[in-house]
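By letter and in written order, the chains are A, B and C; residue numbering begins at 1 in each of them.
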Amino acid sequence: MAAVRRRTGLLFWCALGWITLVLVLAIIAGVLPIPSPTDMDIFARRKGPSLAHLLGTDSLGRDVLARLIYGARISLSVGLLAPVIGLSIGGALGLLAGYFRGRFETFVTGGVDVVLAFPPLILAMAVTAYLGQSIVNLTLVLGFLGIPAFTRVARAATLTFSAREFVTAARALGAGHARIILKELLPNVALPLGAFFLLGVAVTIVVEGALSFLGLGVPPPAPSWGVMIGEGRESLEMAPALAFLPAVVMFLTVLSFNLVGDTLRALTDPRQGAL
Amino acid sequence: MSMLEVENTIVDLPTPRGMLRAVDGVDLTLEAGKTLGVVGESGSGKTMLSRAILQLLPRRAKLSGAIRFDGQDMTRIPAETLRKLRAKSVAVVFQDPMTSLNPVLTIGTQLTETMREHLGVSQSEAISRGIALLAEVGIPSPEQRMGNYPHQLSGGMRQRVAIAIALSCAPKLLIADEPTTALDVTVQAQILDLLAREQRSRHMAMMLITHDLGVVAGRTDEVAVMYAGRVVERAPTRELFHHMRMPYTAALMAALPKLDAPPHTRLPAIGGRPPDPINPPPGCSFAPRCSYADAVCDKAKPPLSAPDRMAHQFACIRPLPVKVAA
Amino acid sequence: MTALLDIKDLVVEFPVGGRVVQAVTRVSLTVQRGETLGLVGESGCGKSTLGRAVLQLYQPKSGAVVFDGQDLTKLSPPLMRKMRQRLQMIFQDPIASLNPRRRVGDIVAEPLIIAGVTDADERLRRVRAVLTEVGLDPDITMARLPHEFSGGQCQRISIARALILEPELIVCDEPVSALDVSIRAQIVNLLEDMKDRYGLTLLFIAHDLAVVKAVSDRVAVMYLGRICEVAPTETLFRTPAHPYTRLLLDAIPMPDPDIRPVEGVAVGEPPSPIAPPSGCRFRTRCPRAAGRCAAEMPELVALPSGQMVACHFPLI
């Protein structure tokens, strides 16, 4: 443990602390002594911080702190769930393509290229138009868009590890395909995939913010950080904090996920401990 | 004054577990026109020693001691002077030509670039010299080969190109770091022949670094054996092979399978493995594996010295007896 | 002695960039029960491919691999899986041949699990026994990951994994090439001990002739996918019949300063296996080559001395 602390540094623990704080607040938001994020107070619009509203109110008189915390709920659940879709489907496709090669691989890489060529904004608009604007639809769209990247990472890692002799050794022992994939390849491919997952979370939070900012994401009046930045834009001159606060929170969260991802990848690389 | 003088050189590398002493107080000299073989197993520090001589250590490594080339201490001169000195006086051939050659540049470009930069010759002059060099190192149809990329050549041909590049600025010292380890035995013989021929005809000094006693036996004037960062025995080649004094050298020799022994002859293996370079034992590093060691050997590191004859140095308190000629 | 392994006219091909490369060309070899057959040659000569084709890790294009009377190339996948318990392999790179993310205890137990040994206690007992057998302390090693061990120790773990099912044949693919001299001798001795202890038959693939000489009863020399010469070890080293065997022997750097290396023994490098020379494949580097060598591929024939050679103008 001491060795782990020496190799990570303060920044890693700050990042981990921030993620934990945001996660805990998002989970226990319902029992926190904060006003409802959707209650409007027309007579107290764009007010500065006060005892009743710790971070002030927005242009419709809603409590900014409450909206930030409930926004974390939405931003984080979309940010975590969408990459889970990408990870499970993309990871599985990449692993199988990298292991079996041949026609299946051609098919998968071709499919990935097609999805990558699809303009993401158009897809988001199309889905919103046909299926309606909802958090579930948003998550599905973002998850779908994440599949190609996870497929590529999984396939590249699988190709590297398949060429290693321990896989040949398992084949020589008579291990079946399932056993080789699950016991020999998956534990090795899981590492780069896990690190990429954290990066995916960071990217998804930003993309969710961008879509919500454009009005294609989370439907109002539900708060998400992107929605808040979008609404804050209208009163940038009068109350810059309304756009600035959610932007800072998003920035810190995304940065933290990236930092943790990078550090974990470096820490869990088995070769690191060799010397 | 010798051409190359390495004096009490120490190389420390920081690792997550602590400081690793890769080279532990090495003294060496090499005269112009001579060949020194440096033999050691992996982790013996032989490669780090060569990097220290070339001033090519990893940035985080700590070097102390003196490395004098023609009397000039390379560790104490400004970077720019060092770069110029290094280019014209010391050249290196690495183990794997695939990684030491740039894959996206043609052989001609890589050959002529160094000559134009360091010798200040014109492009056409550099090209004609390059072609002559390729011919000299035994590359057929050198004119065409100038336009080839490294991946278009075989391993042996690539190593020949790497040698041609190393020779291009007429170095006084050539360091060959395991130049044939990545090659097949028939190609290895050709590359060793080539190095020996060039060394003789150019009157270069050569440092031949290898793990293979067979490689140094017939092709060096002097041999230094390294173990755990230190030179543990050093003597003229013939003297070393005929009168091994350091038990490690003798054990290494004995552990080699012999071509004249019948099949299934049991090899006298050296038990155990080299010490942890981060926590080395206080005494002789070979003592834990040595069949001649006793309590004295664990007390202090024996210095490399020549108790009886100046030409043969060894670092051992309990050396093997000198064989009396029958 | 009876032939445990009988390789007949084996051909292995690979597609390389739209073309087909023959890595192994009509190779026939037998390995007697209890014998070590050394297989030497330079990189790219097909010796590793041959070793893997014996274990059916590559599907041969034609020919047969008869093991204990059964042609492995014709076995159904379930039968082959069962057969694999009797055939094992040890690889060159001791680190790469162990899964970096699995514990040594699991790695060595894997063959038992695949073979269907369901009793966990029995598996543990056998893993401990075989680790002790190869000179490792099970209490220290079992819970660790491969990167915590040196190359020599990793090779011991590999050997333990190959031995745990008590196989009959082990294909050793350059098992000591990546190891230091002082460790190499330990592993060579261990393999010799294990061979006696388990009554093994070994196909020992290596490029180092001295190592091959130390362990083999007979030696086969391969060049560009073809067998040049097969002979009892002492005979092959004393009186090589094929010019290529001679070249290999002359090229070995001898650890003796009184033997001055003869310069110019070797010329050229093996041609690319994508376009091998016509006739005898060694003719482009052979000092004895004549017109017939380009026209006609020499077949492996027995000489009175007891060695088999594929050469129109053998040295003896």
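Here, contacts are C-beta pairs under 8 Å (C-beta built on N, C-alpha and C of every residue); 3 or more make two chains touch, one makes a residue touch a chain.
All values reported here derive from a predicted model rather than from experimental measurement.
J.: Treat subunit B as missing and name each group of chains that still hangs together through touching.
T.: one piece
J.: Select, from B-C and A-C, the pair of chains that is joined by more C-beta pairs in contact.
T.: When the contacts at B-C and A-C are counted, B-C has more.
J.: Using mean CA coordinates as chain centres, what's the gap between subunit A and subunit B in Å?
T.: About 52 Å separates the centre of subunit A from that of subunit B.
J.: Let me have the rounded angstrom distance from the C-alpha centre of subunit B over to the C-alpha centre of subunit C, please.
T.: 31
J.: Using CA atom averages as chain centres, what separation in Å is found between subunit A and subunit C?
T.: The separation of the two C-alpha centroids amounts to 50 Å.
J.: Which subunit C residues sit where two or more other chains touch them?
T.: Subunit C, residues with two or more chain partners: not present.
J.: Please list all residues of subunit A that touch 2 or more other chains.
T.: If we look for residues of subunit A contacting two or more partner chains, we find 273.
J.: Where on subunit A is subunit C touching in the complex?
T.: So the residues of subunit A in touch with subunit C come to 164-166, 168-176, 179, 183-184, 187-188, 191, 270-271, 273-274.
J.: Please output the residues of subunit C touching subunit B within their complex, sorted ascending.
T.: On the subunit C side, the touching residues are 42-43, 150, 152, 180-186, 188-189, 192, 207-211, 213-217, 233-234, 237, 247-261, 263-267, 269-270.
J.: Write out the stretch or stretches of subunit C touching subunit A in their complex.
T.: 52, 55, 57, 80-82, 84-85, 87-89, 91-93, 96-102, 110-111, 114-115, 145, 147-148, 158, 161
J.: Would you pull the subunit B residues touching subunit C in the complex into a rising list?
T.: 41-42, 154-157, 184-190, 192-193, 196-197, 211-215, 217-219, 237-238, 241-242, 251-253, 255-259, 261-271, 273, 289
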